[in-house]
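The letters A, B and C name the chains in turn, as written, and every chain counts its residues from 1.
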Amino acid sequence: MSASTPKLSLNDDRLFPAEPPARKVARGIYRSVRDLPIISPHGHVPPQWLADDTPFADPTTLLLTPDHYINRLLHANGVDLEHLGVAQGELGEDAARAAFRTFCDHWPDFAGTAMSYWMREQLVGIFGVTVRPSAETADRIYDRIAGQLAEPEFQPRALLDTFGIRFLATTDDPCDDLAVHDRIDREVAITTRVAPTFRPDRYLEPGRPDWPELTRALGDAAGVDTSTLAGFTEAMEIRRRYFKDHGAVSSDHSHADLGTLFLDAAEGERIYALAQRGEASADECLALRRHLFTDQARMACEDGLTMTAHPAVARNHDPDAFARFGADVGADIPLGVEATRGLQPLLAAFGNHPNFTLVLFTIDETVYSRELGPLAGWYRAVHVGVPWWFLDAPDAILRFKSAVTEMAGFSRLSGMIDDTRAFFSIPARHDMSRRLDAAHLARLVVEHRLDEDEALDIAHRLVVEQPAKVFHL
Amino acid sequence: MSASTPKLSLNDDRLFPAEPPARKVARGIYRSVRDLPIISPHGHVPPQWLADDTPFADPTTLLLTPDHYINRLLHANGVDLEHLGVAQGELGEDAARAAFRTFCDHWPDFAGTAMSYWMREQLVGIFGVTVRPSAETADRIYDRIAGQLAEPEFQPRALLDTFGIRFLATTDDPCDDLAVHDRIDREVAITTRVAPTFRPDRYLEPGRPDWPELTRALGDAAGVDTSTLAGFTEAMEIRRRYFKDHGAVSSDHSHADLGTLFLDAAEGERIYALAQRGEASADECLALRRHLFTDQARMACEDGLTMTAHPAVARNHDPDAFARFGADVGADIPLGVEATRGLQPLLAAFGNHPNFTLVLFTIDETVYSRELGPLAGWYRAVHVGVPWWFLDAPDAILRFKSAVTEMAGFSRLSGMIDDTRAFFSIPARHDMSRRLDAAHLARLVVEHRLDEDEALDIAHRLVVEQPAKVFHL
Amino acid sequence: MSASTPKLSLNDDRLFPAEPPARKVARGIYRSVRDLPIISPHGHVPPQWLADDTPFADPTTLLLTPDHYINRLLHANGVDLEHLGVAQGELGEDAARAAFRTFCDHWPDFAGTAMSYWMREQLVGIFGVTVRPSAETADRIYDRIAGQLAEPEFQPRALLDTFGIRFLATTDDPCDDLAVHDRIDREVAITTRVAPTFRPDRYLEPGRPDWPELTRALGDAAGVDTSTLAGFTEAMEIRRRYFKDHGAVSSDHSHADLGTLFLDAAEGERIYALAQRGEASADECLALRRHLFTDQARMACEDGLTMTAHPAVARNHDPDAFARFGADVGADIPLGVEATRGLQPLLAAFGNHPNFTLVLFTIDETVYSRELGPLAGWYRAVHVGVPWWFLDAPDAILRFKSAVTEMAGFSRLSGMIDDTRAFFSIPARHDMSRRLDAAHLARLVVEHRLDEDEALDIAHRLVVEQPAKVFHL
């Protein structure tokens, strides 16, 4: 390694405002929450990792292959996803090393992005890397990480402790028997509470070719005949309760819009029957999906699972990538979303129900000040989820705070949700969140819109009380 | 009160940029406009208060019950509006005190919001409160305010002087005989000019069940038969002129969109006749409303009343709250709005008319840079109204300035509009506006995009010349 | 000139953050790119100026008449476009002087705008003016500029060198024989590469009354019978290749939306034939236009011309101004735009084609973080164009950077595009861009999200490598 190899390090003041009085206040606020445990009420870590506690395979499989934030920008810059191991099964050592080198070589394409921020946190903070990724340094970094992954303290369970994760939610299919979660629960060495999340999206989309089959699978899982809507509804209720009984605190929903409505029983059964035969029109499928989504809110009032909504993504926008690599590889693109009119039927029915909590996420930031803040500032059930996916980056997070908190305050926020499948990035994401909380609150303090002790209270509230309240922990 | 009771105070530099050179410039700009009289060309203060000059009842009835900004966030946090006195008639002493205590107890839910900013201004600046609201301090604060409200200098007229309000517009029904305004006019002790505002919304919505009845009332007020559109139009013209003769400077309009069009006379009469019988379709009602709105612009070219538009609110979003408490209690939610295409017919006809002024407000901030700024930067009639309602908070106001002034400059802005029914918050809202003018201009100065003397001129222009020009004062 | 006449000057630190550490970093970054040559891959300078190299007529004809940014705000403030020389043929000396005086008198209406920023740059930086424009100083400034315009070093070709313009693209009709460009090419005294740009908008709009005639003209230019869609397509291919052979690097497209689709050959011919006879419906015209636009992308994959899209402007919004002054005089207003669904058919077909580059511009800034950034962060062809038109101002440019680069990085940006017809403003616009690059990058550095050497690399990349890559220079 030459003397001029650029260094990689973490500055204690990262993400804080540059202006000295605000930076000083930010430091104090951050210090007060820095070491609090992590609560992660929604995410995509595979529970199998924790149940099996097998060492992670290699740096590429761990840090690059599953991270569609990284994949997508590499793809845009000409890298084949195959080369990164996406949908390729196990990578051999050579392939893994080559992929890692490619990433390091493309490091400048990530400069200034959230991905480079999180990766730096992991490289320096977890693996002790001290040189900037590049074609020259790639192998050295790879070797360092690979060596550490073989150590016991880098096995999944040990890291749960090291990372200070007190609560971790996974995302699961309604038909899942949750046996893996049961194994984790029975494992006394795991002190983290690992909860499943009920994610019924596919079962609520009557327009899918495989929907009739999915409804039968749901019926089998619930022990109920789902050939009618009434049966389907009962099966959903049974499976939700099964999840609740196995520790779930929320259900998660991602459809193309936030439209809600109630079909009367006859009309619902009529469309359901058509859809079972693949004969429902697109409009009928849409109406039934909206009804089924709205009905999940009714169920939530009864069973108390918090409902999180992640709407309006054009999934699998690139059909060639979808054909080659399947879903969730990075070719999803945001859509505009509308909440005020779309959610009105649902909120008119359940918006102030004492047992209902609805967390609204968006990747269309125009609705923050226009719709989500105002809705959460009135309806008792509604909370605004923190910035998600394409908005999960420092400036976007500060825009979110600015757009929502001036009118809705901090009591209507979800608290931090990392929503990640990149296990090693969880501490970095929560730390970024706490730093930006501090940066935002410090600005309010130096502009004399908030007293410093109030800022400290809010910082704590965002990390501890809000997630506990919103997810009934 | 214990020694550790948190204090409440007002820092002289509040809302100014923290960075020292910018803060210094901001102070100078602010000082130059701080003490100028308040011009309030659009708002919702009841004129009866000024005509009768009776002392205000109690702190709750004055500061909380009528303020739907405060009501809504308390509602979201579990407080019943009944408990706050909404739609309850007169509150007794115990109920008023209990409601005030509830608010104080929820003070942390308001931390960092515009509502806490304005309330702090009123508590410290007007009532001399020095302790932060909390369950512990609630009674003490209540007593202090209640005691002051009994003093003559806290009666409405005295406060008009204390607050330095030179012009105050109320909002009034087209059928109002304006007798209350006449009483105010004749009262030599009132030096503030108190003007009515013509607000014909309900009369322009043929889809309302009570619309036929409203048109008859309008006809009665105008002394014209309104069974035809021609008669309705004449009645509107008469009532507008009546308002103008009684000091009105503007009409105000709030519909669900900004669509405009011209119906030819025959089609207009046809739909009007159908609507009178409750037989017009939804599309016909919409077309007629858009025609009637557009026709108000034609009238404005003739009578010179400035036209203000506050579009795109989903009113009474929560039907249960509407049933229990009626309109305007906080369950209104913004909608997206479109101006470029919607207003084109109106602007093609009247957009450069020398006698026409149109002030466009929005609670959908996406149209600032995309539509409102560009429209105001071309059409002579069009001015951009300052941030309204859910956007009337420091960061949102600065976003507005940033989005509009780089291309449209400052000559196309309305100047400050407080639009409030919270009488005691008027000085706070205008002071906030002047501070943010200073903060924004100071940034332009330190970035060398504006000279300091230009900034001083603009600050004065925004407080004095722009409202005078836009509202023909 | 009195002693109190306000001065006009340029501060070295203009547009940099006020906060000292960030300002220091910004200075260093800016210094590293300040003197690099200008690459202007899209704009509207008339090539005739460069071919003829005749001196510019007078200050008004040069600086005001063709600048619709200035025209529009003067119009809003009551000035007739006639008076500014718009669509009036040659202005006499008196009229030119009077128009210039009017502009100077309205200088305060421009305070704080991008227009005043660029004008100050030109007045001070190019013409050495030292007093602020006003009624009092207008003649003096006019005389100074007029005197200089008569000097050889202010002739167009000399200025190409003075301004350091290495590459300059004009905008041209597909039927243009490019003889003027040939003359420029043959002129050894011109070292700047002056390239035509293929702008076929009008030919792709079958709904235009003059469209059949335009298709015939295109056929004549290409030597192909365009009475069928197949012929039209061949003609387009021929003309694109003609442009490419004459140095063009891109085609430019501005339609009311970004809708794309493929018509099969029979349906395409059917609608084409109807449209030739003026008998196609509005929906058919729209479908055919979207097909023709999409087909330009197919051609781009073959001939390698970069495709730039400037969508969603409501052209000629003010029919009276259009009747009196024609198109492009300032009465164009932005529309909302949608890219995710609209472009999906085009991107599914060509989005990752190795020979295709698509640069997306917008004047609806809501799509930056929601659609353009995410699209450019996946598709290899897609790059995000820098802020355009109503968004081409300092704060808007910083909002753009903030919205796009955190997720898409800097490798997916077009680099600076000035898109101007105001020749003398080209250096000011590129300098503004470099200053804002520096301001943005400096903030990332002081927030420790980027190392200083990385910031220097990115600044260089944005000025040199990105335009070279995106426009294949």
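The rule is simple: contacts are C-beta pairs under 8 Å (C-beta built on N, C-alpha and C of every residue); 3 or more make two chains touch, one makes a residue touch a chain.
Note that the structure is predicted; figures quoted are calculated from it, not measured.
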Would you mind working out whether chain A and chain B touch using mostly the same residue numbers, over half shared, or mostly different ones? different
Rounded to a multiple of 5, how large is the rotation, in degrees, that superposes the C-alpha trace of chain A on chain C? 120
Using CA atom averages as chain centres, what separation in Å is found between chain A and chain B? 40
Residues of chain A that touch two or more other chains: which are they? 17, 19, 366
Residue ranges of chain C in contact with chain B within the complex: 6, 10-11, 13-19, 69, 72-73, 75-78, 108-114, 117, 132, 314, 317-320, 330-331, 333-336, 363-366, 390-391, 393-396, 399
Where on chain A does chain B make contact in their complex? 17, 19, 21-22, 338, 340-341, 344, 347-348, 351-352, 366, 369-371, 373-380, 382, 402-403, 405-412, 441, 443-444, 446-451, 453-454, 457-458
